[in-house]
Amino acid sequence: MIRKVITNVEDALDGLEDDMTIMFGGFGLSGIPENAIAAIRKRGTKNLTCISNNAGIDGFGLGILLENHQIKKMISSYVGENDEFERQMLSGELEVELIPQGTLAERCRASGSGIPAFFTPAGYGTEVAEGKEVRVFDGKPHILEHAFEASFAFVKAWKGDETGNLIFKGTARNFNPVMAMAGKITVAEVEELLPAGSLDPNSIHIPGVFVHRIFKGEMFEKRIEQRTVIKRN
Amino acid sequence: MIRKVITNVEDALDGLEDDMTIMFGGFGLSGIPENAIAAIRKRGTKNLTCISNNAGIDGFGLGILLENHQIKKMISSYVGENDEFERQMLSGELEVELIPQGTLAERCRASGSGIPAFFTPAGYGTEVAEGKEVRVFDGKPHILEHAFEASFAFVKAWKGDETGNLIFKGTARNFNPVMAMAGKITVAEVEELLPAGSLDPNSIHIPGVFVHRIFKGEMFEKRIEQRTVIKRN
Amino acid sequence: MALDKNGIAKRIAQELQDGWYINLGIGIPTLVANYVKEGIKIEFQSENGILGMGPFPLEGEEDADLINAGKQTITSLPGASFFDSSMSFAMIRSKKIQLTVLGAMEVSDNGDIANWKIPGKMVKGMGGAMDLVASADNIIVAMQHTNRKGASKLLKKCTLPITGLGCVKKIVTDLAVLDIHPEFGFILKERAPGVSVDEIVAKTDGKLMVPENVPEMSL
Amino acid sequence: MALDKNGIAKRIAQELQDGWYINLGIGIPTLVANYVKEGIKIEFQSENGILGMGPFPLEGEEDADLINAGKQTITSLPGASFFDSSMSFAMIRSKKIQLTVLGAMEVSDNGDIANWKIPGKMVKGMGGAMDLVASADNIIVAMQHTNRKGASKLLKKCTLPITGLGCVKKIVTDLAVLDIHPEFGFILKERAPGVSVDEIVAKTDGKLMVPENVPEMSL
């Protein structure tokens, strides 16, 4: 488990098969595993169930898997900003399961923590709670939510080392750490891949034990979804 | 909530009363809130229920509260190495609840995460599971464990800033972050207290939102419990 | 005259108290940050993973790795921290955020809110809204008093799928400030400048309590 | 001749495989780290919050902020990471640790283990043992074959309070290496050098399967 460095992005996908459930880190387009997504597009794996907070945009992020009809189902908290997504969803081609964002994060974290289920107040009284066990704690109703199971988790970090330790940058951290914890096979792509001992052991966000494969991403476009700025005067 | 800096350790204990349940970070003697413990000893607060992985040693750590008969009950995972503890426990003066270490940590984390209860496999089939709900997930029995409630959490960090952000050092991190998350009032003592903006926002272990009071510890003895070394030849 | 979006934001900003951590939703709520009173110290949380969020960056200083929950480029202020999504919702669910401001399609007179789904239309998802409304003790809704067809958004019972039950404490619309009381329903607290009580009564469908004296907002 | 503690540790070290993450309990298990084969790369986890634990520090270089779960001063190796207790048990419960070695007072022939409490004696607590045995897929117990009174510690059923059920896969004692099979009970795999099968049979109370040929350990 400790020899993790992959030099060829295709090797990072070894074992990825049709019909699998896989996770993708990122929030909007920030911190998404661009290189893995491109490689999955190239590999052509089909009928994927994808757990990802968002579904990319037309032509970028998970949008490129959607337009190639590789995704059977999306499990997300927010899926706006994507025409192809809307078309496939309305035509019934694409299944969509919407989950409160905090529950999505916690179900990933639970999966990577050996916690099969937990209670949360989020979604009580809404259609999210339908069919779920309700229990009152301290006078407040909560619903029982379960850990995800995912064959692969694809995450993107800023820096990584040969032992798989990961450090994320800014808000590109988002879902990446909890998904890194959750994957049966976790594949991390990083901007900088360093020898063991290069990173401060006190500043590691995700210990290498959770990461099975790591590679330096060939290219990070890092597209910005909403460019909001203050004009210089 | 944002003006948090305390200059006088007594102020850090404001509101601490007899019969409260309070948490103490640390593992063995490593990373314990020495200054808060000394102040509580001085304040003389009684009948405390203390949640702490260990119970200190004779004359140091929680040992000084034990010998002053301030602790009614200890909730811990391991309580060896303390004669006064043993004496009080065997005489019935001190109540002791032993909890698996991972469950102890997760019950703190749950408390600071708004998760009232979760399932864990730890302790199934043992006396720890007595009276607890058992549920099978994926063929394996788990028990339901609940979040703690603690009026105060006393934690020790390496560096902190005025907004309450904390960074821990080495394995002195241990229970400190999850307890910091869990306290109704969280009091952090730090070796270095810096102005806002001094710490890298990417390297914060516990965001300031969880910390209500912060002060620079006057003195850290940092006693070593088991000094194991390799002799120089 | 009815308030514009900035007017609503400005009125909500008056509710902000020194020392609060605040989560602002997308849309009008985001504008609240522009009207924080001088002399009070607050921190903005964005649920994608930042505390201590600052204003938009100067042109040319945008960073794809630094966005808010609306996917807009932002900056961080001194004392900020970044964290992952589970930590972000840990602080939300454990009530460490003192104020949540968000938009709504409908609010009922018992504080239910619907703001994530219109049957028959493309559903974008609830994002973090369900987690926020399920846990926050202090929720202010920022919205128009009526929808585009002129129908009231303040109802006896929400007709759209619910986001959370009995959670809204205060509403600021283009016409009024209203509190929600578990027994009395909407309580009219303030009118927008020049807006009559009659207009507000006419445009409110849910149970509404109108005190004898309803002052104009001072903005 | 029966093995000493270091002999037990040495034999267990032969089980270590390249690439494994390993958690060593207090006592004999800790000694295993001294006998790791050349050429294999493993990492030691200590549940108080370190991966990549190294040997004891050189005299004078002890750091109170760097200890193992036995509260001993340690060092960290290149590639190490520190983390909090919830993260530490997250990796343990989610089976990221390939091998757990720990001591025991009793093991039953169906793999139950008792190692935390003797009724009537001062109880020190289970520490992380219950979490470890409840989740680890690969548990080796390191212990003496008999207790100080000469009674077998390999039993039909544990008499002491249980730490975990049906979890032990292998036992290395001063006398033997035994596997545990859900149907056949203890299976004698190896004898300590010079120790007879008869002695092992005599000192084992639980169900024991003895193959025709039981080789001596090669240490």
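Labels for the chains are A, B, C and D, by order of writing; each one numbers its residues from 1.
As a working rule, a residue touches a chain if its C-beta (ideal position, glycine included) is under 8 Å from a C-beta of that chain, and two chains touch if they have at least 3 such contacts.
Here the structure is a predicted model, which means the values were calculated and not measured.
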Subject >> chain A and chain D, separation of their C-alpha mean positions in angstrom >> reply: 36
Original post:
Using the average of all C-alpha atoms in each chain as its centre, how far is it in Å between chain A and chain C?
Top reply: 28
Subject >> Separation of chain C from chain D, taking each centre as the mean of its C-alpha atoms, in whole Å >> reply: 56
Original post:
Which residues does chain A have that touch at least 2 chains other than itself?
Top reply: 106, 109, 113-115, 120-121, 168-170, 201-202
Original post:
What residues in chain D touch two or more of the other chains?
Top reply: 50, 76, 82-83, 86, 89, 92-93, 135
**OP:** If every chain is a node and every touching pair an edge, decide which shape results: line, ring, star, complete or other.
**Re:** other
Original post:
Between which chains is there touch?
Top reply: A-B, A-C, A-D, B-C, B-D
**OP:** Can you check the complex and tell me which residues of chain B touch chain D?
**Re:** 27-31, 53, 76-80, 86, 89-90, 96, 98, 100-106, 108-109, 120-128, 158, 168-178, 205, 222-232
**OP:** Can you check the complex and tell me which residues of chain C touch chain B?
**Re:** 18-21, 41-43, 45, 50-52, 76-83, 86-87, 89-98, 135
Subject >> Partner chain C, residues of chain B touching it in the complex >> reply: 1-3, 109, 111-115, 161-163, 165, 181, 195-197, 201-202, 204, 207-210
Original post:
Quick one: in the complex, what on chain B touches chain A?
Top reply: 106, 110, 113-121, 135, 137-138, 142, 146, 167-170, 201-203
Original post:
Which bits of chain D are touching chain B when the two form their complex?
Top reply: 46-50, 55-74, 76, 82-86, 88-89, 92-93, 112, 122-131, 134-135, 161-165
